[in-house]
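Shared between the two complexes below is chain A, which has chain B as its partner in the first and chain C in the second.
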Partner chain A sequence: MTEKEPLVRIRNLNIIGITDETEVPIINGVDLDLHRGEVIGLIGESGAGKSTLGLAAMGFTRDGCHIRGGEVTFDGIDLVDAGPEIRRELLGKRIAYVAQSAAASFNPAHRIIRQHSEAPMVHSVMPRQQSEEDAIDLYNRLRLPNPEEIGFRYPHQVSGGQLQRAMTAMAMSCRPDLIIFDEPTTALDVTTQIEVLAAIRDIVSQFNTAAIYITHDLAVVAQMADRIKVLFRGDEVEEAATGTMMKSPKEEYTKSLWAVRSFQRKQKPLAKKGEVPVISLQSVTAAYATTPVLREVSFDIHRGRTVAVVGESGSGKSTAARCITGLLPPLSGQVLNNGNPLPASFRQRNREQLRQIQMIYQMADTALNPRMKISEIIGRPVEFYLGLTGNEKKKRVFQLLEQIELDPAQYYNRLPTELSGGQKQRIGIARALAAEPEFIICDEVTSALDQLVAEGILKLLAKLQDQMDLAYMFITHDLSTVRAIADEVVVMKDGEVVESGAKNKMFKPPHHPYTDLLLSSVPEMDENWLDELLDQRGVENIGDAAVSKMAGN
Partner chain B sequence: MLTQLAIWVGGGFLASLALNRALPGLGTGRVQDWIKNTGTVGMFGYYILATVLVLLVDYYVGFLMGANMPEWFKSISLLGSTRLPFLAWLLHGIVMFGVAGFIFRALGRSVGTELSRKMFRQMPITASFGILTILIYVIVAVFADIIAPYGQAEVFDRINLLPGGNPDLGGDPSHPLGTDQIGRDLLSRLIFGAQNTVGIAFVTTCLAFFIGASLGFLAATLGGWFDQFLSRIVDMLMAIPQLIFALLLMTIATAWAGSERWLITIYMILIIAVLDSTRVFRLSRAVGMNIVVMDFFEAAKLRGENLSYLVFREILPNAYAPLLAEFGLRFCFVFLTIAALSFLGIGIQPPLADWGTMVKDLSQFINFAAFSPLTAALPLLAAGAIALLTVAVNFVVDWMLHRSSGLKE
Partner chain C sequence: MAGIGLIIIKRLGLGLLTMLMVSILIFGAVNLLPGDFAQAILGQGATPEAVQAIRRDLGLDQPLVERYFTWLFGVLQGDFGNSFAELNFSSYGGTTASANFGSVADKLAPRFNNTMFLAGVTALFAVPVSILIGVLAALYRNSIFDRVANITTLTSISSPEFFLAYILILILAVLNPILPSLSNIYDGMDFADRLERSMLPALTLTLVVTAHMMRMTRAAIINLLASPFIEMARLKGLSPFRVILFHALPNALAPIINVVALNLAFLITGVVVVEVVFVYPGIGQLFVDSVKIRDIPVVQACCLLFAAAYILLNLTADIMAILSNPRLRHPK
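This part shows the complex of A and B:
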């Protein structure tokens, strides 16, 4: 692009990880050039090495990883062999890092602004007083509410999206030449995500900072980056300017990433009037101790249908699921199963009632007992509910493994730790299926997975539904998932059902303003999407601001 | 000698100061960085270490030369002319144990299944030494009857208080470690002591874990008033200093046992197990609390599983690592408590050999240090056996903690 020397220059970088005495290549000879003021997006599935590459640009590797070869230079300084003195001079001052979870990255014991001014003071860039004034200025630019005051709060007193912006401000505190953003919006709701994205983009261009933006969400990277680099298992797949990459990807792998979002199942007709729903919530009100979380929630789920429950975090969608399973007995209202009321607490339900309602969890890591073999994880419900033992049980587990498209002979005796994220999620599905239920609650089942893997899971769930006429309650905040799999949609906000109906109706206007806001906040695969959205809504009326405004109405 | 020491220490401090100031100009980058990061105080630490090493070498060379020491060596040496053999024995012991641990690890690396070989490859030398030591203790304890030359209660007419068995010095070759003051063979008693002390400690620890872990997991699973009830009882038990509480209860138990002396040992096992189970309870409750909030536990609960399945199939396998590490530590504490109680005379009852009692019985010989250093060292035999096992168990526990915390890379 320019004949000037790039700010970051990575040549033929090789990084290996050492686990259990074996060396695993993580990055195999990747090159990267980043000029001043440029934003490069790194995308790929988990395990592609994008975070490792991002950290390597700081000359840093995680524990257990080693740089085996190649060079990393930052503004002409060699970072691979640099001693701690040289690094200390650079990190925080000229290179900054913004981590995925701001909540976990702030020290909970200190006020935000204290932490903000730490780096400038340590690096003698400016004294505390000046740095704090500067912080307030940055908070202003990042459009944080009450910029004068927010820095004097403790991290737990600030919401996730605001914290992520405060973290970006902190990274900016020394006016670095390079900021590395490692999935800064992955943990946020769509409405919050927009604010953070807009704020990050503005501030990076205002200060002409170079940035490496790591994410697995293509739509997000399209908004943020000038150039995109696609990684796959430590190899570079291709690199191009954002526009070119979006319109005409060259490699097969990139195309498959782009195509993921096109999966969409045919919507089934609504259930006939008068048909008894599998699960029916009737004005359920629930509370954690004295804090009300559900108010008069009612909706029906029919046989063979998928009902997507959407809403941002705190809207009560998971609590509704806990009421159905009986983990949280409702204060009033009831849950009907095929027209018969279920006891409020799961302790009072009999085995048959428990069998009918199964659950698939968001985090497959914690949903499977790490010390149990697959044979027992799936075999236990088979034995417990259906009373099969010995060979019959084994046969049934084999069948189930085949249904979830895993080779039974190979996986029967494995432990969950020996599986990938997607495979674990499949085992979770098999465990739910083993009970032969009528109804399955899928709690954010795809949000922790890469898009390609998530698509596989969604297809599998769709196939199983057709085969067994299952009813799904699909809890999600990802509207592209809803578009792919739902028949009906229930939109929740602050513990109440805002709107519900068939999917095709829900995705077409006119709808409730909140639904509208949710829908328009989902990033689209168009590099101008964010600009257009900002034009439409106005800078002061995106994300959180819009939500709180609506609540006032 | 004091002047000499003062010169060494003061000079050393000045030298380290000079090193820290002057050296950054010298050497390669890595050395420079190291010196800069270490600082004057750190350098002084290294200096003290070096001094201790020099003194040890000085002493050891002197010990090897013995009577043939040349005059020039005597004039510069600080410790070389000391005639006490203990430090040399200690040095020999450390080297021998190190070598034994190394050989044991090398053996483990080449023999056995792939899994066990891998374990040995990743093992630090301290852990392999610990495992070897524990193995030897176990073998000695199990086969005490075969290994020991005499019975533990066998009294000989000829009392011989000189260890070493060297007839020239007045020792008795048939009692390599000598006898105690009433004529019982010390080597045999040490060996039987392994059986009694270690065996009883092991049983006690197992019992403490059975009580503590099962109640702790139950409290974590059930929560509510059950948890409150148990936890408050445990708080109450833990509020009283453990050794004093144990002494108190043992006094009562001794009165109950009356003339049936062996009952005292049973009571002691029960008392120590209950008192130690409070610690295990707290740990397993805390570990269990972290597991019961996991999704897989919720899934099992929603399936309608009963308590025993939840505790033994869902919680226990996930709590092995911290419990096992705690087991090692707890074993040491129990072991020391038993030794302490026996030392006070209310633990394991004579004529059973026990290391704590042996330390107590032989402790009076410390008074003879000026006349016969070897005799004065007699109580150290049993104390050393206790110390060695404690160190060995802790080495193994450290290693297991390290592995289970995922820090192995």
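This part shows the complex of A and C:
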């Protein structure tokens, strides 16, 4: 593949964003070369400018972004100065895009195959009939179930992983020279992620398509890309072939990204026999209206321990938390707090019972009232549960802010909108601590955060646990987080506990087959991981297929 | 699709219940009006005996609740009662007012047809035009076209209807005598004549209702333009017009349908002023005249008709909004 001229050539690209009349630099002079048939991975934290750069390679900028300087050429065509007609002629036909959330990026009003055949029709590549036949062929190659029929459904009738593959097929509809994959698996469960990754990699190599693969997940990009480019706040940090980059990153920043995955806390010994658990679920069965969600779920959480509850979306992890908090009264079974049964509904619990159980949410953005100052957000539970007012209340809020490592004087009077994502999550933690509980439910608290920030939150939670002997229920689908912080693990599937035990045991075979599937589906920092896994399991035995096969057994 | 049938039946049931409540409200309100028919019609010669006699003949001396139920059962059997105004009071000394003289239904039917004709003509013209202008305004948002469309429609909706009507008469009937300024249509007129005479009121009403529908279409579409699926459509290299027509509009239908329904209801129930200006014999004029002379049965029937129009149109809008949503049409 040593051609004279690269397919995509970006030189000294500068892009700025304009919000409220102020200019914010997004990309500061980045270069990029991509040859035919080559896959380059763009990696970085949120705000690094990876999506903006990926879209710029299509000659496209989102509203509010402007190309300030530099050049972008695609196959010799200047995309910066090209008029909209020239760009439209290329988009969809020679350059295609696969978005992060297929569920949001398919038009809900049209059938999938209609949307598939739209670009070929508009660009006069082939008539609708032929394009639909081609779509079915592509669905086949991407190993979608019922390829003959699936395209004739509406997007809401198809699962997330399947939609993501259908979107990859749609990107292929005109056999483009270049596809931009913008975090295509970020919204998916690990088991589903694998089949999408395998499908994307297959189809890209079958048609020798060049691709830009954007992600924040190092292990994923290692499977997909020939070369990796690391971005940080609009600047290129470094670029190298995947193997080199994985083994010997040069820059400090890259090394810090790599190092995040090594954070691991020492596991505490299991609680002694006979010790009364802080929270104990006893054959809890629950349902939303008539849909059963939890079946006979039992597990204990002891003082000072972290119990990670893992499973895919829909496995009932969050529902179990809702039963503990009393938001969803269980149909049968009960929840004990220090051996005393709690009333099923939070409405019947007294203030003391409510105080013992606090929550930290996934989206700190939506969990904090944007019109309340930090002092009010943290001050309210202080007043409500502990009855402190006036100066005492202020003193306590100051203490709490110090505990979460934010300067009280600086943050006391701020609004949530003036904080970063990680700082907001810290405020969420302080709010939970304000009640001085024994037990905190952490519901996917790090999954919306970048890895470095997430690591900071995990370390903070660990420190607080040691100081106050807190018990955590840690809901997550991310097994590297589990590895980092958990003492015990509960694996859930379809509303039932599949396996539970101490972390060190859970990460060692033999496992329950489902735990095994989950564990082996987590991408590893090894560029051959996916190949080896596929060799081991076979292409027919990954993702949804594997899950349903197991259900059959 | 079975679900939709059930929803329709439920909504119809609720609609009937609403009608019942409305009938109580109407009856109560109309009978609370000051003054009474007997006094109004007798004018100067209203001796207490004569008033008493007429009241007795019309049943106005009965208790309110009893009168309500008599009226309600009549309505349920399709009998809206007799118009007071049509009764023969030449011998108001106290003889029986002859029945079957002018039933409310007879009086209402031609007027109702006229109103529906005017509303229909206006809707056929105004709805497509407003949606088209709305789509174009969304497509060329913040352009000269968008601004002119917005300012024009806002001006027309903010001006009093009679003012718009006189301006149109001035331009289209006086300065350029293209259309007749009077719309006195009658039975047996042929369709073309009818259409020609209804043209000016229809145009006036179009100016009144366009702004709502156009602005809602524009807003609903623009609201969607930040959606990932619109970005996807753009990244497929589709033309802006195709993006809006095929990708934004189908997802913006529900709010548009609702505003269209509200405006159609307005066309049936709220066009009195325009009817008066153009002397158009519609239901609005009849309503106002009947209030003036305290012709209670006619007023009640009109109110009930208006309520039914609102309920039916909103029901239709709900059903169409459901049909426009594939999630509800094709459940998982």
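Just so we're on the same page, the second predicted complex is superposed on the first by the 551 of 553 C-alpha atoms of A that agree within 3 Å, B and C clash if a C-alpha of one lies under 4 Å from a C-alpha of the other, contacts with A are read in each partner's own complex, and residues count from 1 in each chain.
Methods note: a contact is a pair of C-beta atoms (placed from the backbone, for glycine too) under 8 Å apart; a residue touches a chain by one contact, two chains touch by 3 or more.
Note that this is a predicted model, so its numbers are computed, not measured.
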Ask   = Between chain B (first) and chain C (second), which, if any, makes contact with A:101: first, second, both or neither?
value = second
Task = Return the residues of chain A at which the contacts from chain B and from chain C coincide.
result = 63
Chain C residues touching chain A - in the complex, by the definition given at the top = 226-229, 231-239, 242, 246-247, 250-251, 324, 326-327, 330, 332
Task = Spell out the residues on chain A that touch chain C in their complex, using ranges where they run on.
result = 58, 60, 62-63, 87-93, 96-97, 99-101, 104-110, 118-119, 122-123, 153-154, 156-157
Ask   = Which residues, counting only chain B, touch chain A once they are in their complex?
value = 29, 33, 37, 118, 121-122, 294-305, 313-314, 317-318, 320, 409
Key: chain A residues touching chain B - in the complex, by the definition given at the top   = 18-21, 63-64, 83-85, 325-327, 346, 349, 351, 354, 357, 359, 361, 363, 366-372, 380-381, 384-385, 431, 435
